[in-house]
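Look for subunit A in each of the two complexes below; its partner is subunit B in the first and subunit C in the second.
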Partner chain A sequence: MARYAREVAVIAFAQSDHLRRTDELSEVEMVMPVLHRVLAATGLKAGEIGFTCSGSSDYLAGRAFSFTMTLDGVGAWPPISESHVEMDGAWALYEAWVKIQTGEADTALVYSYGKSSPGSVRDVLTRQLDPYYVAPLWPDSVALAALQAQALIDAGETDEAGLAAIGARSRASAGANPHAQLSGAVAQGEYQVAPLRTGDCPPIGDGAAAVILAAGDVARRLCERPAWITGIDHRIEAHSLGLRDLTDSPSTRIAAEHAGVFEAPVDTAELHAPFSSQEVVLRKALGLGGDVAVNPSGGALAANPMMAAGLIRIGEAAARIHRGESDRAVAHATSGPCLQQNLVAVLEGDRA
Partner chain B sequence: MSTTGKEPVAIVGIGQTKHVAARHDVSIAGLVREAAARALADAELTWADIDAVVIGKAPDFFEGVMMPELYLADALGAVGKPMLRVHTAGSVGGSTALVASNLVAARVHRTVLTLAFEKQSESNAMWGLSLPVPFQQPLLAGAGGFFAPHVRAYMRRTGAPDTVGSLVAYKDRRNALKNPYAHLHEHDITLEKVQASPMLWDPIRYSETCPSSDGACAMILTDRAGAARSPKPPAWVHGGAMRSEPTLFAGKDFVSPQAGKDCAADVYRQAGITDPRREIDAVEMYVPFSWYEPMWLENLGFADEGEGWKLTEAGVTELDGDLPVNPSGGVLSTNPIGASGMIRFAEAALQVRGQAGEHQVPDARRAMGHAYGGGAQFFAMWLVGAEQPGS
Partner chain C sequence: MTAASPPEILRAPLVVEFPFTRSLGPVQSAFLTGLREGVVLGVTTADGKVMVPPVEYDPVTAEEIRDLVEVGTTGTVTTWAWNGSPRPNQPLATPFAWVLVRLDGADTAILHALDAPGPEAVTTGMRVRVRWAAERTGAITDIACFEPAGDGAAGAQATPHSGEFADAVTGIVAEARLDYSYSPGRAQTAYIAGLSEQKTIGERCPSCHKVYVPPRGACPTCGVATSDRVEVGPAGTVTTYCIVNIKARNLDIEVPYVYAHIALDGAGLALHGRIGGIPYDQVRMGLRVEPVWTEGGRYPDHYRPTGEPDADYDVYKELI
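And now, the complex of A and B:
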């Protein structure tokens, strides 16, 4: 029996080239080519889309209501049915998927973007911590990830060589990804915050992504091999790092159970693991064996545009299904310090 | 699983905080938990009954916390559950409730807690809205400076006398006296005092503007089975919609935006409403500046174009009029920005549940909640009724 009322698929995916700086581009200018490309891939026009949803962050943009400008880029005239999450675009996709499940829309445009270059993203991310007891100490995102990495090493789950191998594999895979920011043989580098070296950390960069969803026969009509979302779920954990076992990700596991990850083998996993150590945690939570292609796109270690990197994981997994390179893939997105919040989706292509 | 139509959605619990200028006695987490706990108590449910949390607020700069839902997960009992954070400018409280409602309607979750808040005393909203952006005209006049020219355009277009705005403010502030949660309780309010208040952004006077509030509002939404167990009468969602249009372009009508008209039309279509003026018993409308009452009366189809101010002037929108608007006192009396839209939605639900206390509209069977945001470009509305839809 079907898990949900309607069959919904990712039918198109587009992303920008992810770059260390895009000083010459406004957010609108960064997003618009991506929107045009994803629409062109389906032949749909903005006015034919049933629902539009985006994800972004005012704190990265440095101004309130920053998403209102990118909406202008969508071309919302005549007026459109539209919403926005102040989260990674993966959650915008989730809201759009729910909207299609209600039957009120048959298609959805989902996009997200972030420019980290104008400020210091390590400092900016400290502002998402408990504002009274933790944020005033300015613990930065790399330092928090290093706590998690050290906990994993102490627990015997990995070692520094194992982490280095994850970084090297990711950037080698990214050699086949023309949009990646870092690819090929990248030096492991100096310690950023021990035990994490430069090669264990994501590049800081700017980028955007967009996806089109469609239901049932609309998906079949517009896409040769739709990537059906056969399960999707997301869960959050306690905020305080002291309340969590940093070597595990129960929220990923619960989301995966609800999304049906464990009901059949997957051949591909696109994991939003900005730090090499987080891939270790996610592999365990998702029960991924050595036969699964993990982050064939290069993952977040090759390009990590804030607010878009999670949506890109879903898009990359779907694109592999579109190309016939995968039959059943798991895509994952994360938010918050040390994998606090996690979304898991299962994407499947029709078998020949 | 049924594929025929949506699951009906019921509102079975509503909670809000007493809205005030500054809640120095609680943290942000304490504030939201207070509203959520009251909604759970109203529904006679516990945290364990909640399947998912959908939270909304206006810009993060208003408190200076980036993506505060991460920090609030513990306080809202969301650990181990799905949590979504919606942000659609001033309409966000309404949009947040609609996203939560869709989760139930789509049969993805059975019982959802939705909450919206703003703790404006943590920071400074005017500053939060006035960060300089390169290559854009600085808008250092606040929201009133943006909206005043559109009010003036409305007056010129319709010939409305300049007394109409003060009538709305006088009405809403008197209604607020009947609402124990309202921020402004001006016991000595008179029409003369409103009219004598200082001019801030001509033609908008000080007493015709909303306050800055700390506050939170929460609702429990559930499916038919959940509604059947509800100890109090539920309110049912008969229609809900969002519409957006661009901020600035030559064809935009700031006095009566097309997105608002389209959104209302969609809600009426879903709810089977053909004559909103007669078929709707109470309206909770997003009126941050008093003149937006007559403007939205037209935009939402309660009055013909150019006629909205006549309803206000004739007393139709008074608590004892035949179309009460903002019986709670509205945004003019209570404005925790991110929560203001959800308060409109929740107050509409209170009316049809018969739970609105002293500001109850007698025999309210269908009520509308309305929110807007950005440069009058984002709209979120729902219509709730005392009867289950289709029954």
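And now, the complex of A and C:
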């Protein structure tokens, strides 16, 4: 059981409502209420947090060092211990978890946010691709996911009806999630890039999320039922898409092995699958059976705030443990095209 | 404190353009120069796999790999996706298929576009060939796209290639432009709206009572929203300054001039501006100044002395 030097738990989670546009809010104005809610849930003051780490992307904001603006919402004076990843906040959480493992902090505030509304996110995301052989062709995020979907269909692992069912189940589940951008019955719609239809693609929106991590007794003191991170790992594929078997995700599987996913059954899986086809790949990589509640929050098909949607998967899984609805959950986050990078965490609650 | 009548949220176009100049390593240089010459090169890994497009390090072993081979310009579609609505900058302006193509002689696939009349004309496993661009410069876009080749199209084996060409391409310029519609949010909209009336609007922190100008909606010390709007100035005090001796390009201000931090009356921190109306070598800390607006200006052009006695150091020392 003692996989790591210290016990670390997610002790609080908060997220914004995810909306198509938030013109009236600057990034800090969007993030700050979320920070206040997550701090209030623990009773901690900003100045009591040992380490703060955030995730965001300048390409979404169209501005260099855009994350420095949201630091105003943290209360960064007197000076705090702070860091940032230009990635989904799940990787900021990983950095914060390492910081606590090293003993340099007992608590951490992790937040992330993204406003996709100012730009065209499908085009913006092409700028994260290989600049020599791929980015000059401007293949957008839906096109790359569609290549993966067709590979799955060719391999007989799903079909268009199967993909549509994933979208429908996700949005039906999101009916119980007041923060979701899309919920209930949503038309499957036209092909965006075939074989993916509108219903197979995530909504484009703005949003933010935050979690608080704490070590050992601090977690027990501040949270009735901490969501212990009993395993966490992240892996990356070779970057050339033509080098990969797009129907599989070895990086997710290896991360899951190292995080101990397969050592005991899980009852909940929060998967960061922005496209319906990606859930097929992840279910296989994680060996999830039909008895596991997959994305009870609705997942990224119901709300996909860039740079926050992965952190939200960890937060949603933790919140289910906080509420006693789950005892052992797997949370997954991804970044990049066609499940390029994958982070897997196992969260467990103390059994009564 | 002024009544908070929310002005319409401002929006403006924001264009980010970047022509990154990137250098190429030996493998990428050979590949892109090869495209210019109508030749497709791959690289062979230690276990004999041919990778097209080629990389410089084996993705499995991380060993440096440099053994170049020439592969065919025909190949097989390994997966595809029909793009009914091409987006700006994509290889074709008419509907096309995105394809991964394993060229004859290669073990990996290259991403590109396939020109086909419709999705019914595309299948995984179909044979395709390179359509070269009319003008080639040594870039991935030298392949204009792929086109159907018919099942009879002959295959090819990978054959060793020196990778040497006359006048090799050693770099690319990765041009990109992204268009945004920027909105500064509630607090900064109010500030900019105030400037249009030649007023400077700050916001007070409800916790520490400091007045931030320009306001960004949050107190960075307390981490709480600043919502009480406060008009500050117009006059203020020079808290510190520097003398600029280097003329910036496209700036029609004579050097030397003074650039200063100015604490407007009522503000909790200094903002910056140019000082005019006084010889540069007579500007001093504590100097009392006021904004000078030019016709149609959207912010103060500069600040000039008010003629009041200098402020006492103790009054502004916290704001330096």
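Some observations on this one:
Just so we're on the same page, the second predicted complex is superposed on the first by the 351 of 352 C-alpha atoms of A that agree within 3 Å, B and C clash if a C-alpha of one lies under 4 Å from a C-alpha of the other, contacts with A are read in each partner's own complex, and residues count from 1 in each chain.
One rule holds in what follows: a residue touches a chain if its C-beta (ideal position, glycine included) is under 8 Å from a C-beta of that chain, and two chains touch if they have at least 3 such contacts.
Because the structure is a prediction, the values reported are computed rather than measured.
Using the contact criterion defined above for the overlaid structures, shared-chain residue A:Leu125 touches subunit B, although it does not reach subunit C. Within the superposed three-chain model, A:Gly103 lies in touch with subunit B and out of touch with subunit C [touch as defined at top]. In the superposition on chain A, contact of A:Leu246 is made with subunit C only, not with subunit B.
When both complexes are overlaid on chain A, the residue A:His84 reaches subunit B alone and has no touch with subunit C. In the superposed pair of complexes, A:Glu29 makes contact with subunit C only, with no contact to subunit B. In the superposition on chain A, contact is made by A:Tyr59 with both subunit B and subunit C. In the superposed model, A:Tyr4 lies in contact with subunit B only, and not with subunit C. Shared-chain residue A:Glu95: touches subunit B; no touch with subunit C. In the superposition on chain A, A:Asp154 contacts subunit C only, with no contact to subunit B. In the superposition on chain A, subunit A positions 26, 59, 62, 69, 71-72, 75-77, 124, 127, 131-132, 135, 238, 240, 243 are in contact with subunit B in one complex as well as with subunit C in the other.
By the touch criterion stated above, subunit A contacts subunit C in their complex at residues 23-29, 32, 35-36, 46, 59, 62, 69, 71-77, 118-120, 122-124, 127, 131-140, 143-144, 146-151, 154, 191, 193-196, 238, 240-243, 246. Residues of subunit B touching subunit A in their complex: 1-3, 5-6, 27-28, 58-74, 78-89, 95, 99, 102-103, 105-108, 122, 128-129, 131, 133, 135, 241-249, 251, 257-259, 262-263, 374-375, 377-378. On the side of subunit A, the complex with subunit B involves touching residues 1-6, 26, 52, 57-59, 62-65, 67-69, 71-72, 75-87, 91, 94-95, 98-99, 101-104, 124-125, 127-132, 135, 233-240, 243, 250-251, 254, 335-337, 340-341. If you check the complex, the residues on subunit C that touch subunit A are 9, 11, 14, 16, 20, 22, 24, 28, 32, 51-53, 55, 59, 78-84, 87-91, 98, 100, 102, 108-113, 119, 124, 139-141, 172, 174, 176, 178-188, 216-225.
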